[in-house]
Amino acid sequence: MESQLPAEFIVNVDHERCRRCKRCMINCSFGAIEFKDKVAPNHRLCIACHRCATFCPESAITITENPLDYKYGYNWTPEIRKNILKQAESGGIILTGMGNPKPYPIYWDHMLIDACQVTNPSIDPLREPMELRTYLGAKPECLKFDGDSACLETEIAPQVKLDIPVVFAAMSYGAISLNAHKALAMAAKRMGTLMNTGEGGLHEDIASYASNIIVQVASGRFGVTSKYLNNSALVEIKIGQGAKPGIGGHLPGEKVGEDISKTRMIPVGTDALSPAPHHDIYSIEDLSQLIYAIKETTDYKKPVSVKIAAVHNVAAIASGIVRAGADIVMIDGFRGGTGAAPMVIRDHVGIPIELALAAVDERLRQEGIRNRASILVGGSIRQSADVVKAIALGADACVIGTASLIAMGCRVCQKCYTGNCAWGIATQKPELVRRLNPDIAADRLCNLLTAWGHEIQEVLGSLGINAIESLRGSRERLRGVGLPQETLDILGIKHAGIGQ
Amino acid sequence: MRIDAKGMHYRPLNKIIRDAIAAGEKEFELDNVGGQRYIGGGLNDSVKITINGTPGNDLGAFMNGPKIIINANAQDGIANTMNAGEIIVHGNVGDIIGYGMRGGKLYIKGDAGYRVGIHMKEYKKQVPVIIAGGTAGDFFGEYMAGGIMILLGMNGKSPLVGDYVGTGMHGGVMYIRGKVDPYHIGKEVNCLELNEEDVKLIGSYLKEYCEHFGFDLNEVMSGKFTKLVPLSHRPYGNLYVY
Amino acid sequence: MKCDGIPSGCAISGMMSEEGRRIDGRVIIKSIACMHDRSNGLGGGFAAYGIYPERKDQYAFHMMYDSMEAKEVTEEFFKDVFNVDVDEPIPTYRENGVSNPPILWRYFLEVPENKLELISERDYVMKTVMKINSEVEGAFVASSGKNMGAFKGVGYPEDIGKFYRLEDYSAYIWTAHGRFPTNTPGWWGGAHPFTLLDWSVVHNGEISSYGINKRYLEMFGYKLELRTDTEVIAYLFDLLVRRHKLPVDKAILALACPFWKDIDRMEPEQKKIATAMRQIYGSTLLNGPFSIILGHSRGMIGLNDRIKLRPMTAARKDDMLYMASEESAIREIAPDLDEVWSPRAGTAVIGTLKAEVE
């Protein structure tokens, strides 16, 4: 069937400025640029990854949306029409990548942060200590000391130290390239934080970074062995993710080459299917069983995290997870990214992380169990201000996926599932993977966290506090703007203009 | 002029002093001082004030010329933004002394508290000086932009100086008589040995200082001093991106 | 009676005889009056320990009522939950500078045995205090300890001291506070000290970690109704020392724990303890500038924040321990001192009643 879909983007080349160096053609991994006596774009194949424009020495390329106007119709958006055409031509589920792009409200942008004046001094982070150190893990309700108060009697469950309350999100080797994984591991070690293997297992080249790695146990159990579990800082059971709550994952067989086969411990060329649920977890007590199976296998030396998507009943689910023995709960909001997901799920399922976090933190406090697990949140943490707001709402630390990819060069073109990523990130093709230099990418990630760390310290200083634990859960330092009362109640914050 | 300050609020006390100065009085002795603030504050004249008892906060604030002698411990905020003059304390002082000091001398026999000499500055010939004979607390010389600070540790108490010494320093010089753990020194600071010029410089101030308090100048100068100077006048150039 | 968050300023003073000698209230009034300019007349108060020796086993509730109705409701409630031995007005003396006092009444109470099957006596009293403060409109518990009391209101502290006739009371611990709030409420309940059972706190500064300190305490049943940050300090001590049974020095460590960079350099056992305190009790860390004087029946504790943003001077003479925001406030009542010093940031000054004292 011939496609009726017009080109989504137009590649505009200024032929006068063009040097005919052919760099654009060499760089494009989607076949959208050819050269016939001059640069000849094939607009229908352009997906706006900007690779050509970035490398053009004359800045002679601009990428614009194909300006095909329809007669104005608010309801039948161009995108909806295109999707119908695609489905009429294929009969298939529309696949996409990265996070929900739809204009749902962004609650981070409706919260403002307090500052100290007159009655309380702000603090100078450049000259006075401003502590971001965070420990993840289950904490006892109180401590016991011996009679002389000299020795601590309470045994504390294992804690993982973060020098900055920002952790790299789970992205599997398979979804992203090995070079990307290496960059994340190196940056995590250098910055005193963690990266997450995702569900694709742990490649031997980064096994030495164990103390900065979260190993994930997902429904497909790829690469999961006792050695894998112990080669880590902590173990995460992935129940769901924000981008695709409730469904599993699929890495097509043609992407399972030698290396992936080895890391995931499946034969070359087979599909890597992650089932929707863990088939040994059909109820909360099963989760508890799996958590303790992992604890036994790791001799109780590693905290166990459970990652869930933010859905309607997330507070009750989180409470159950904590009571099931998890040391950490990781909540992924509906804007979380993915390498591949059906568009219908990515764009329409799940709830915002701001509301989920507020609900979970409050619920755990009401039940008196907030100390039993640390809360990690992700699903579109875009900037340091979002981190500050998340911690004020109650998070122990934030998880960044999309932001780390963008730091490495990702342009969020949403075509990860094609495996043609021109930036060498979401691909396994060697000629493309080579484009991502792990050392440089690691530097970029470290720069990002360093910059955010300084920014968070600046905000803490203006809040008049010098330790992150004095911000954590202190909703009093946030005010809402332009939010209805019910939303303010869910977030547990007051509207701007109201004093203490 | 002798004034019994017992039970007197600072307002009438300071007014009496100001009025007397306007009428030509040059010397004052205040007895039974107990917590009155701002004594000597804002005065421009070369008068002498002797204080018996513990004065209140902000003694000599914005002062521009007088000489004040205190025969007891003093409190916080002394020499706040002082421009010129002398303050001599036969005892200890509190916190935040010499904040923004631009000139003059502050000589303390005993210990100083926290945040001594924050953002001291000098301009051309005006160079402020603070000398403390004992110990000092955290943030000694924070944000220093000019002037001279000397810490002697004569009473043997420990620790000699607190944490974050010279944090944010971008001008001026400090001389500390005794060992300072590098761990406690701000990252903007460089530690050096003294040269001949340094010895001459501190020698001249310390001679005067020792005379006030009866210390032995030779004993003081025989101690091992460390000189602290800023690494740069622009310590935060690389922190921002535009 | 409720009003918006009032930051805590500005003058504190405390004195204690470690041998338990009783001293009348004129001395402490003199000390706090010396720091008159740190306040603005919108609040003053005192805590006194050892003032009701004939009734030392009864809970002495000092109550403030906005209206007769609030008093009646509370007294009905008291009849249900306590044995009320004595109730009487708190003696006062009309004084210029002290206007519009609420109804001030005190009660000497005992807890009936049969109420204590499932709960300890002190938890029972604590819950009652929380209930009255949060549920009885117009009634407020100023103090609820044994053989101690809080005397506070709107006015300069020296005027409040005279208003309550503190010269008629003899105590072995006195603490005092003068306020400089930045709003203009006339609320007697908002003055310091804040108390719970026999804990009392006077506080100079503002707690920037209030939001999380409050939410943490709420998890354990404390109700913070007074919207003044000082409240959290009294409740935190009650939680950590009385309920969690932490030794006092560890409770202080929770509230003013050192920086990580200093913890990392400690000896292994100390480092383990300090790290554990911050990991588990991070929500109790008091951030922001503060000097506090905490009183309890066996002693007095003075403490500054970790970077000493508020002043505090301590001194000793014979069996007396003094602490105040300014040295002159101590010299005013004790011109000759054996020892005078400035406590270091985050390091407590602790006065304890000698063991043999009742």
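For this structure, a couple of remarks:
When the chains are written out, they are named A, B and C in that same order, and each has its own residue count from 1.
Heads up, the rule we're going with is that a contact is a pair of C-beta atoms (placed from the backbone, for glycine too) under 8 Å apart; a residue touches a chain by one contact, two chains touch by 3 or more.
Predicted model, so just to flag it, every value in this text is computed and none were measured.
Distance between Cα centroids is largest for the pairing of chain A with B. Comparing chain pairs A-B and B-C, the larger number of C-beta contacts belongs to B-C.
In whole angstrom, the spacing between the mean C-alpha positions of chain A and chain C is 47. Chain centres here are Cα means. That of chain A falls 54 Å from that of chain B. The geometric centre of chain B is 36 Å away from that of chain C, both derived from CA atoms. Contact with two or more other chains is made by residues 139 of chain B.
Across the assembly, chain A contributes 128-129 as residues in contact with two or more other chains. Shown for chain C are the residues that touch two or more other chains, namely 307. Only residues 139, 142-143, 164, 167-168, 186, 236, 239, 241 of chain B touch chain A when the two sit together in their complex. Of all residues in chain A, those touching chain C in their complex are 116, 118-121, 128-129, 131, 133, 135, 137, 139-145, 149-152, 154, 156, 159, 365-366, 368, 370-371, 392, 463-467, 469-477, 499-500. Across the complex, chain C is touched by residues 9-10, 34-35, 37, 53-57, 73, 75-76, 92, 94-95, 111, 113-114, 137-139, 163, 183 of chain B.
Chain contact summary for the complex, chain C toward chain B: residues 34-37, 262, 265, 307-308, 311, 313, 326-329, 331-332, 340, 342, 344-345. Against chain B, the residues of chain A that register as touching in their complex are 124, 126-129, 451, 454.
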